[in-house]
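These are the structures in question, set out in turn.
Below, chain A partners chain B and then partners chain C, in two separate complexes.
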Partner chain A sequence: MSPEQEQKREAIRKALREVKNLPTLPGIISKLTKMADDPDTTTEQMGRTISKDHILAAKLLKLVNSAFYGFPQRISSLSSAIILLGFNVIKSLIISASIFELMEDQDMELWEHSLGCAVVCNVLAKRLGVSDPEEVSTAGLIHDLGKVAIKMELPGESEQVSALVVSRQINRFEAERELLGLDHAEVGGWLAKSWNLPAKLVEPISCHHDPSLAKAEPLAAAIVHFADIVIRGMGYGHGPDIWVPALAPRAWELLRLKPVDIDEMLAEVEEKLWDVKGFSLDIKAEAQSATQVPKG
Partner chain B sequence: MNMSRLLVAGSPGFLPPAARTLLEAKGYQLKVCEQLPEAVALVLEDPPDLLLLEKGFVGDGDQRLIKAVSGCLQKGNIPIILVLELTELETELDWGVYPVDDIVTLPLVPSLLLARLQLAEARMMRVFDNNPLSRLPGNTSILRAMQRVLASGNDYAVCYVDIDNFKPYNDRYGFSRGDEVILMVARIIVNVIEEKAREGSFIGHVGGDDYVFIIKAEKAEEVCRQIIDNFNMVRNLFLNAEDIAAGAFVGLDRRGQETRFPLLSISIAVVTTGEGRYRHSGEIAAAASQLKHYVKRLEGSNYLIERRDSCVSGQEMSAA
Partner chain C sequence: MQQIATVQAAAGMVLAKDVETGDNRVLCGKGTALTEAMIDRFKRMDITHITVQGHPVVEEGAKTLKEEVMDIEQRFGRVRHIKPLMYLKKRIQERLIAARRPVEPAAGQGDGE
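Up next is the complex of A and B:
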């Protein structure tokens, strides 16, 4: 890498280190606020809703793993985070998350992609008998954290990347490397690490395009990598970049899937994705009606 | 020199420059927030030592911020000082809606504001017998809470919680991991009670791995069950994979001999106070200690509720 590139990388790294708040969907916020106001809502129900939003889920994990709550780099599942933080803190978190109420179509797509990836991770992790499948699906849910951070903190560069994807017909990952000297997987990994998230989450995020880099959690990284490809192949969340990333041979070796596994897995995934589709239509409808009715 | 971190939440320009200068000269580190989400995020992620809050801050944002502060477990008692117009006191304010520690009126007088902040801090130190780790009230408050319950004559459940095999865990994993486990159990208890039995409840930390909570007797069973369920759900996050696989860990017993200890679990001994069974908190403690002796001998996480005529017990549902 040339000194210039190295310098640029350092500048970007610095800009991204400052990311404290990531945007989240307004639809899910109003849904959660409604749930929070209802005394009959249980923590579990709330958790299920939160698990459908990759940004909010990431914030929740960041909070419970911060030095403040005393469990540094320990908590990797959403249900545990909710048990330890409690209902009140989560309600407050929703308020602080509502700072970003602007979302564009692209983000809706990314959100669907993240959610879909989490579904595939979950199905795959269960099939492979991983001890905590929820952890792997959380990693799947937040694996593209870096994309959100780049878009928020470096909007200009992010647009250039999109333009490069279209003009050169390359995928986003390559365009990021070319233009920024780094990619969203790496950025997501830094961010997750700086939030004290456990290695179980950091590695699958930072290695989701190249699981052979994973040292501590190779299987989780391989699952997220494969799930990312599967869900892209199914048409979830491509943006301008229509190319499905290549499958890493190392991941394929680790997963040891047979054709029949894949058939069964896809059937199961299809079924679960119906829920996701339903949910995202719900949110879209709510977001639309919210913009039509003046706020009281 | 004061080193307190003061969060000021109010509309732009609400803190006069003179007041700001005086507070900063006295060593307060000020963080001024004009937006609710920003203020709430700060309370959640990096709680201040004191909060100076303008009444009517972004609509009912003031109340939401107060809630966020009182939900902040890591810093139990952040004193809140509410700033309002004198005229607002003419129609009495509902202090239940504004559970604050003190008020100051507009226009802000720098020296008076400083005195109020200092007093609030001094008062907090005085009443603070809280456990430094969990920030839960300590023994003095526990005794007071028990006497209050006894005097009320209503049926309350006094519940003693402790962690089984905590000492060998601490020996094997080290003090800081041990502290995490103590915090985890405190958090679970607080959150379950907040959700299921908030009204009239009390939670205290005797010290080490011993806690006491007091709730209405009819809630005891539900709360104990939920605490044990939640404990079982998060417990493995505090254990190494090899110990989980082995289902036990090896440590030294009291006589220094190598022994296999079962993995962490919790025991809850519950004494109910109804029908004037006890006159003094010491009697409750004695009854609980007998009960605890019994419940601790059972394998896994358990609770045992002693009522007038019978005992209700519950074994852990499953450790999955």
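Up next is the complex of A and C:
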């Protein structure tokens, strides 16, 4: 990299580090982290803490009960969600619920791409017998976190990137590397890391375009990498970037998928996508039709 | 299989998925051929969408099957040299074509696959 590029990259790094427009980590996260460190804390107590924010609690339960996680039974309490998914996943879900709220308003396509990716991750993770498929689904849900950050912090640059995607018919991450000297995967990785998310989430985010970089979680990174390819292939891309990116040979080796796996995976994903079609975190409309909704 | 708004439903269409009430009770099982009475009931029960077999509703401005197959071709245009992805492409296209095939009303509903 030329010194000039390196300089630019540093400037961008700095701009993104000092994120102003991005939702700061909700205060509830630090509170919950403190609680999780205390061995005397019960999941009920944590559930109660989350429940104080009615909207957040409703969103979390909605995410947990969606097809991305595929639990056969409805999970109706936050404490059972914490037990089933683990605190790390709940933490990342709180973060995604706040970030995706913005995304849902601004970038419906990216939202749908992310939801679809989470579905594919879930199907693949279960098929491959990964020990915590929910964590991989969550990684799929937030793998494009960096795109949201770039768009919000560097709107001008983000538009230039979009223009380059169109004019050169290339993937967004390629255009980002060319213009910014870094890509959204790297940015998403820093953010996730700065929020103290576990390596199981950080690596699949930061390595989803180059899974060979994953050291601690190569399989999770390979799953998210391939899920991104599959969901793009199925037509859930992002804006002008419709292209199915190249498959990393090493990731493909790790996944060891046979044609029959691909066939069954596609069938399962299609089925689940029907369920998430139109899935929205906007719970206002539903909340109004539901019973006891505290106003204001 | 196509998800349609209940107002688009017509008698004779065959359910591809169970129709459930808000509290997850099955109102009408998949494989059922719809009647006007059932459709009225769904509307009364505020069921906004149902999933039916085949692709009976052609929405205005929607892409034709041929266009969709070509779109898939285009999306995979930059990875033609990667064998597993060419298999993936082929299967996505084949599944799309199969899903659009109209259902034969007389047949005993070829289930499975």
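By definition in this document, the second predicted complex is superposed on the first by the 191 of 296 C-alpha atoms of A that agree within 3 Å, B and C clash if a C-alpha of one lies under 4 Å from a C-alpha of the other, contacts with A are read in each partner's own complex, and residues count from 1 in each chain.
Keep in mind that, in the parts below, a contact is a pair of C-beta atoms (placed from the backbone, for glycine too) under 8 Å apart; a residue touches a chain by one contact, two chains touch by 3 or more.
Computed from a prediction, not measured in an experiment: that's the story for all the values here.
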Touched partner set for A:74, first chain B, second chain C, both or neither: both
Touching partner for A:44 - first (chain B), second (chain C), both, neither: neither
Touched partner set for A:264, first chain B, second chain C, both or neither: neither
Partner chain in contact with A:6 - chain B first, chain C second, else both or neither: neither
Partner chain in contact with A:83 - chain B first, chain C second, else both or neither: first
Partner chain in contact with A:252 - chain B first, chain C second, else both or neither: second
Touched partner set for A:66, first chain B, second chain C, both or neither: first
Partner chain(s) touched by A:178 [first = chain B, second = chain C, both, neither]: neither
Chain A residues touched by each partner, larger count belonging to chain B or chain C: B
Touching partner for A:229 - first (chain B), second (chain C), both, neither: second
Chain B and chain C contact sites that coincide on chain A, given as residue numbers: 74
Residue numbers on chain C that touch chain A, as the complex places them: 1, 3, 17, 24, 51, 71-72, 74-79, 82, 84-85, 87-89, 91-92, 95, 99, 113
Chain A residues touching chain C - in the complex, by the definition given at the top: 74, 229-230, 232-235, 237, 242-247, 252, 257, 259, 262-263, 266-267, 270, 274, 277
Residue ranges of chain A in contact with chain B within the complex: 20-21, 42-43, 63, 66, 68-71, 74-77, 79-80, 83-89, 91-93, 95-99
Parts of chain B lying in touch with chain A, wherever the complex brings them together: 35-38, 40-41, 43-47, 64, 67-68, 70-74, 179-180, 183-184, 187-188, 190-191, 194-195, 230, 233-234, 237-238
